[in-house]
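I have a structure here, written as structure tokens, and I will follow up with some questions on it.
Going in written order, the chains are labelled A, B, C, D and E, and every chain counts its residues from 1.
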Amino acid sequence: MTVTEILFWFLSALALFSALMVLVSKNPVHSVLWLIVVFFAITGHYILLNAQFLAIVNLIVYAGAIMVLFLFVIMLMNLSSNTEPQRNSLVRLAGVVAGGLLLVVMISAVRSAGEISHSTATMNEGDIGLIENLGKVLFTQYVVPFELSSVLFLSAMVGTVVIGKKE
Amino acid sequence: MIALLLILLPVIGGLILFFIKKESVAKVFALLIGLLTLVVALAGVYSNNASQLHYDVSWMPDLGSRFTLGLDGLSKMLGLLTAISLPIIIIATYKNTYANAGRFYALMFLCQAGMLGVFLSMDALLFYFFWELALIPAYFLCSTWGGEKRIQVTYKFFVYTFVGSLLMLIAIIFIYSKTPDHSFALQSFYHAKLSASQSQWMFWLFFIALAIKMPMFPLHTWQPDTYEQSATAITMLLSGVMVKMGVFGVIRWLLPIFPQASQSNSSIIITLSVIGMLYASLIAIRQDDMKRLIAYSSIAHVGLMCAVLFTNQQVGLQGVLVQMFNHGINIIGLWIVADAIEKQLGTRKFSELGGLAQKAPTLAILFVVLCLANIGLPLTNAFVGEFLMFNGLFMYSPVIAGIALIVIILSAVYTFSMIQKIFYGNTVAITENAHDSSFNINAALIILVIIVIVFGVYPQPMLELTQESVKLFITKIP
Amino acid sequence: MNAIIFSAVWGVVMMFCSFLIKNKSSFRHIAVVGLLLLLIVNVMDTNGVTIFKVDTHNMLSYSRFGLLFNSIAIASTLIYVLISGKDIERIGSYAAEYFVLIFFVLCGVAILSSYNNLLMLFLGIEILSIPLYILTGSDKRNLKSNEASLKYFLMGAFSTGLMLMGIALMYGGTGTFSLDVVRTETGLYKGVSFLEIIGLLFLMVSMCFKVSAAPFHFWAPDVYDGAPGVITSFMATIVKVAGFIAFLKLCFVRMTATSAAIDWQLLFAVIIIATLVFGNITAIFQQSVKRMLAYSSVAHAGFMLFALFSLNDFASKGLLMYSAAYSLATIGLFAVLVKMKDVTFEGYNGLAKTQPVLAATNAIFLFSLAGIPLTAGFMAKYYMLASVIATGSYTWLVVIAVLFAAISSYYYFRLIQAMYFKTGEPKTEVITGSFKVGLIAVAAIIIILGVMPQYIFTWLYF
Amino acid sequence: MNLVYLVPLFPLLGFLLNGIFRKSLSKSLVGLIGCGAILASFIISCILFFDVRSGGALPVQPLFDFINIPSLKIDFAFQVDQLSAIFLLIITGVGFLIHVYSTSYMHEEKEEHFARYFSYLNLFVFSMLLLVLGSNYVIMFMGWEGVGLCSYLLIGYWFKNDNYNYAANKAFIMNRIGDLGFLLGIFWMISKLGSASFGDVFTHTAQLSPTDITGITVLLFIGAMGKSAQIPLYTWLPDAMAGPTPVSALIHAATMVTAGIYMVARSNALYSLSAVAENLVAIVGIATALLAATIAIKQNDIKKVLAYSTVSQLGYMFLGLGVGAYTGAVFHVMTHAFFKALLFLGAGSVIHALHNQQDMRYMGGLKKYLPVTHITFLAACLAISGIPPFSGFFSKDEILAAAYAANPVYWVLGVIGAGMTAFYMFRLYATTFLGEFRGTEEQKNHLHESPLAITIPLLILAILSVIGGFVNVPAVFGGNASLHQFLSPVLTTENVKELDSSKDFMLMGISVAVAVIAIIIALAKYIKKPELNEPRGLGKVLANKWYVDEIYDALIVNPLSSLGSFFKNVIEKSGIDGFVNGVGTFIQYSSRRIRLVQNGKVGTYIMFMVFSILVLWLIFWNQADIINFFQKIF
Amino acid sequence: MPIQYYIILAAALFCIGVAGVLIRRNAIIVFMCIELMLNSVNLMLVAFSKMHYALGNVGNRNAPVNIGTDAQLFVFFIMVVAAAEVSVGLAIIVMMYRNVHSTDVNFLNRLKN
């Protein structure tokens, strides 16, 4: 049982647990915090997988910017557990069942996928995850999508203005 | 050239008519166009110049469909029928007034163009196009001018026939995919390679469309309502000509394409048709509404045609061919009388009529002659057709022929009781101060009666006209 | 490439116009100019004249088909802006921005018509969707619009999640995002990878969502109903068809490759039937024309799915035909719809009396949707049916489809009845002459395409 | 020279002229045209007759191709041989007299109706001539249906009276039932021989199997039943008395009803080959003869009595045909034409004198008022009763003799029938002419002999019916049976067994004796106290014609009409149309249900998406089974 | 680590996200669950990238170094898109909150049937 394996199991458990907490916690703020925990766990996985760049970005963009944005909005609306709308238990059950079945499907798919039966994800070796390599590839091969994503941002920006601005 | 002209004239005339607001002008113009078309049709009948009778240009190259029109004996005859019927209808209904008449006549002509197209087209896709195009104007006509229940009734009529024609479209595409040279041309359709089961399926898909149009029992229920509700001028067009589209489709397309399938299904279709004949006749006996009675009698007549089509008897087919024309003529005449009575007295109910012969002797005489034609009395045009058809049916199966022949008794029953209830007996309140039919109606009826008698005494020309199609058809059948 | 870059650029240009130019109505004209130029550059591209030489590293690949589709999409957008530009301005106080977003959407369309990499597919879908979330909600004080945009956004995001999961699994299976996998690599990638199949399944679901195929269509009626009419006509036509084009490419490359292991036709048959049932049957009952059209667009998705069902020559041609026919007709119908004060069937009663031109053109559009011959709609349907029949199997599917087509005629002709045979006093906005001219032009195009369908394909061969 | 086509042409012209210009022509002109046309064709018929007499049957005269298609050729051709020549004479001759008679009888009618009447008459003669002249069964069928039509028109001549119209419809429809058989027979011929012309059919009988022949002949005979009013299709004839009396004379004596006889005689080549058909004909004939006779005994309407006597006489003719005495049948047709026309015209004269009083119970004692009518009528009665040497005696005797030869039972029944005939005829005679007048006073004042236009035809016919029998005096009386020899080329006599003269005399004696006895009874019974009160018991049944009409209504008419209304109201409305509309309603209903799925909640929508992903997965998992399943179905 | 573990972990997170979308009514939470789904995908992609990196280098050491980079870049793009989506989505939610003072996805239910 190497350290990486221990870490792997720990992070996995943490991620799953906090993900569940996101669902079950009544107070939206708590959900946000639990989600941040999930993101941290995932970041940890990235580090284990030696994808530093993504780890950083995940930490900054997701756990940082995006989640904070969520937090702001929730506080702006000062939502709390008593304002939180609740579904009736039947629907909840249905939701859980649906999710569970989907999980069953995917697991069965993975188990019956022969081509990856013996392949592993190399943990802490291989430097493709380093900013250098990624940057090279990003600005040579992936320059077109990179530029086009700017269009995405532009439209998002315009949209946010159109929607958000008070008249 | 003639072929093209025959379709172009009504189309152009119709489009022009859309923009004619003044009723009187519209009528005159419509009559003019109708007569012109008739002239062209006659020219087609008498010309034997192939280059004149056929028209063929590239249309949808990548679909393998060409704009091919052709006038053979069959289409000559039906084209003539279509071309005759419209002027007669216009004359007969000349005194009727329609809300924006221009549009009315325009749609009539578009409908005529569609039907002519159906009869002339030698390309399956073109055939389907015209098949639908004849339907759309009819839809607008029926639901714009007519009785108060017209809209729902026409709705039913439209959806009913639309379902059928879409099924036919499937069959057409399927056969197309099986043609040797991937073309919609009639000839390559005749040579399509279909397996037995395929041709079974496609036969029914194809046939249902035609059966609905005819209409064949038990797919007929749209017909009486539509005929009853829509304005009589339209009814004339529908029952006089459009009904023939179904029969025509069987002769030109169905039988030659699916010889085996039509053989194997003949028994069931013939049985159904004969049942339909008796059924419709019995219902007609109990009708109190003149239009409905004529509608049901038409169902019975068409049922006979449909039955004979599948006997695969040359004699019978010959009979069907001439009967298509004659039935058109006769039924239009009956509708004209029905319209005259309704327009003058405001009712079609037998129970409210009577003794009209004293007030309108001319109408009575002409009507009686048409009725005699309707029951296929000798020396009227219908006799030849029915004689040949029953003959063919007898050759197919004496028993069935015997059963089917009961119809001639029943038809006599309802036709004569109709004459009696309307024209004979003493006058009643409504008919008390009725007057004889107006000149235009008499003119139209007299023309029809002359046709009835002439072709009744000397049918040979029409028989000769349709000879070649019969031969072609018979050669198709193994 | 021209179209992608130019549309993005012109979007930016219009952004600047929005605060440089005060006169609202001029935006429309700028947009029209932009679209014209866009069309021109795209046609140039089609003829091999590329302004920007960009090495896309096989991210994008251009085919006549895709470019031709671009032209169709751009042209329809042009027509759309021409006949209902005024109404776009009238949505809210951000006239220019709406056009900006429309241009960005076109950029997405251009990407989708030429993507060769799942990443580009993903980006294209997003560039297509995000502006639409906005446009759907652009009528801000209208709660329906809010609801529509919220629903659209949430479900759209969810389907994005599904799509990404699919892409991830496919990557796991094949090790690349590029569409054209070279399957003869060493060792592992022989035959069909199971992960790829699962991935494709997810991807298929999300694409079905985008093209509103049942049972993933539920967003469509609500969103189309809630969004401002003009926006709906844009979404329901150009955007949806773009989705189909993307889907078609995906099917052509990946699904044919994996068809050994999974019978896509069966799955598609199920989806098609579901779509036809939901779309047509539900449309019958609708009282609001707008909602009826929403459902009918679902129904038409069912017909377009035939192209994906039977991946052959007919299919691609037919999809082009269908996109043109369906887009034009729907745009025309919505253009009239937004002019109506009352968008229920009763609202249309007696339109033929008061507005003969509107009624007549509307009738032609409805004929086209119902698939009456001599209209483009018929040829479109024809190609679809023909494509299935050409596959040789599943003929019964065609029969079902045809029966539903007949049912669809039921509700289309209900509108015709209302316009022509019912009597009423329909209230409309002021109808300008140019608007009428525009409608007539659209109707004319529909007829021409219906009579001479090959004209649309002439682009394909020369 | 070819005159044949002229024979039908003249009446046709007469019909057209009178029909088209009926408003403008004056009565006298109309009468002139009407009678002239018939006279002209009568003259030509005589010429033709003598041609035939001298030179045998004329060649077939084709006018044009009626139907000429590869598989079937039917000429519009005329044929005059001995048989048709005789009938031509009868039709045109008697027809002419009746036309003349009508000019006076119908004189009260308004101009256009008068013209209408004559045009109908001419048309009738035309179609009758067509029937007789046709050289194939199809042309014959044309005339066949034509006479049916004309009888319809003439019976319904007074169309204001609905009973008359019903009678007319009944006549036509009954005839159509017969025509059905006729048509089937023709089709059978064509399907076997490919032709319907007499020449081909009679020369190629060898190609027909016995069943074919029996079938064809029986079917043709069904046609004859309708036309010649035999059981079970006879009921139209008595009702047909609704028409004007001359019409009754023309249609129901001289011509139309004899069409059946003509047709069977014409096809004797076929009938003589099928014993079944011959027996059928004979049995039906004798049965009809007896039934009609019984009914006639109890009728009070003068025309009804005559009508039933006609039916019964026709029965005799068919008996003759059935037993193979074709000549005898034709002979009886001729004599019957004379005396029955005479009877009707006489009755017409009586009715005319009494201003349309037809009920014998209000007549009586007309002897002194209408001397000519009385004399002629008496002659006719004697003739029909078969009292020698009146014409009826010879013809009837010939038939009976042949019947005896074939089967004595026929003969016995025939003699009984003859007795009844004599009885009811003299009942009629007595109640009408003898005793004293029972009508109203003012009728009595207006009683007077009819004008010449009526009496002259009566006299001519009377003479004919007296001497008409001598054209065919049988050998036993030293005659040379000239009609026999004349017709021998066309009518086979092979299966008529000759009786020796002594037995022949004996039979004649018996039949005459029976007739005489019946006459005496009748006279004795009815001169003094004609029955004025309603009959009872069997008499009532007879007076009500054995309730045959009622039975027909109960068995055929009502069931059919109720079936029709069942179809109309149940099957059509609820059944077929109900199903069609049901589909529509079902779709509407399902629409109302399915739309509820769209409940506007994002959660539900996504739930649906997820579950349908699972479903797709399952389908993919079991695709093989599903595919097989489908392949099983399609 | 065997790749299956990562896949199953990611799948589990993904399904938890789905379940969350299904069982929560607060639009923001629903949206967060969607973000969770995206992250699970990211994780899976990274795992796959390393897997393919490993597979690519089976046998030959001098394989192209950047096998698997495309997956990590894809993750990067997913984050980009997610950021854009979040801004738009939150804007929409806020707009709705302004109008109806609720973030309940079922609160607005005018569009149905």
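Methods note: a contact is a pair of C-beta atoms (placed from the backbone, for glycine too) under 8 Å apart; a residue touches a chain by one contact, two chains touch by 3 or more.
This one's a predicted model, so the numbers in the text were calculated from it and none came from an experiment.
The minimum number of touch steps separating subunit C from subunit E is 1. Annotation of subunit A and subunit E: jointly contacted by C, D, touch as defined at the top.
When chain centres are defined as mean Cα coordinates, A lies farthest from subunit D.
Between the Cα centres of subunit B and subunit D there is a gap of 36 Å.
In terms of their C-alpha centroids, the spacing between subunit A and subunit C amounts to 32 Å.
Averaging Cα coordinates per chain places subunit A and subunit B 72 Å apart. Rounded to whole angstrom units, the spacing between the C-alpha centres of subunit A and subunit D is 103.
Multi-chain contact residues, meaning those touching two or more other chains, occur in subunit A at positions 87, 91, 94-95, 98-99, 102, 106, 110, 116, 119, 141-142, 145, 149, 152, 155-156, 159, 163. Counting only residues that touch two or more partner chains, subunit B has 159.
Counting only residues that touch two or more partner chains, subunit D has 595, 598, 600, 602-603, 606-607, 610, 613, 617.
If you check each pair of chains against the touch rule, the ones that pass are A-C, A-D, A-E, B-C, B-D, C-D, C-E, D-E. Contact residues of subunit A toward subunit C in the complex are 106, 109-110, 112-116, 119, 140-145, 148-149, 151-152, 154-156, 158-159, 161-163, 167.
Those residues of subunit B that touch subunit C in the complex are listed here as 60-63, 128-129, 132-133, 136, 139-140, 143-144, 151, 155, 158-159, 162-163, 166-167, 169-170, 173-174, 176-177, 201, 205.
The touching residues of subunit C, when paired with subunit D in their complex, are 150-151, 154-155, 158-159, 162, 197, 201-202, 204-205, 209, 215-216, 218-219, 221-222, 262-263, 266-267, 270, 277-278, 281-286, 395-396, 407, 410.
Chain contact summary for the complex, subunit D toward subunit C: residues 587-588, 590-592, 594-595, 597-598, 600, 602, 604-606, 608-609, 612-613, 616-617, 619-620, 623, 626-627, 634. Across the interface of their complex, subunit B is touched by residues 367, 372-374, 378, 382, 385-386, 389-390, 392, 395, 398-399, 402-403, 405-406, 409-410, 413, 417, 420-421, 452-454, 457 of subunit C.
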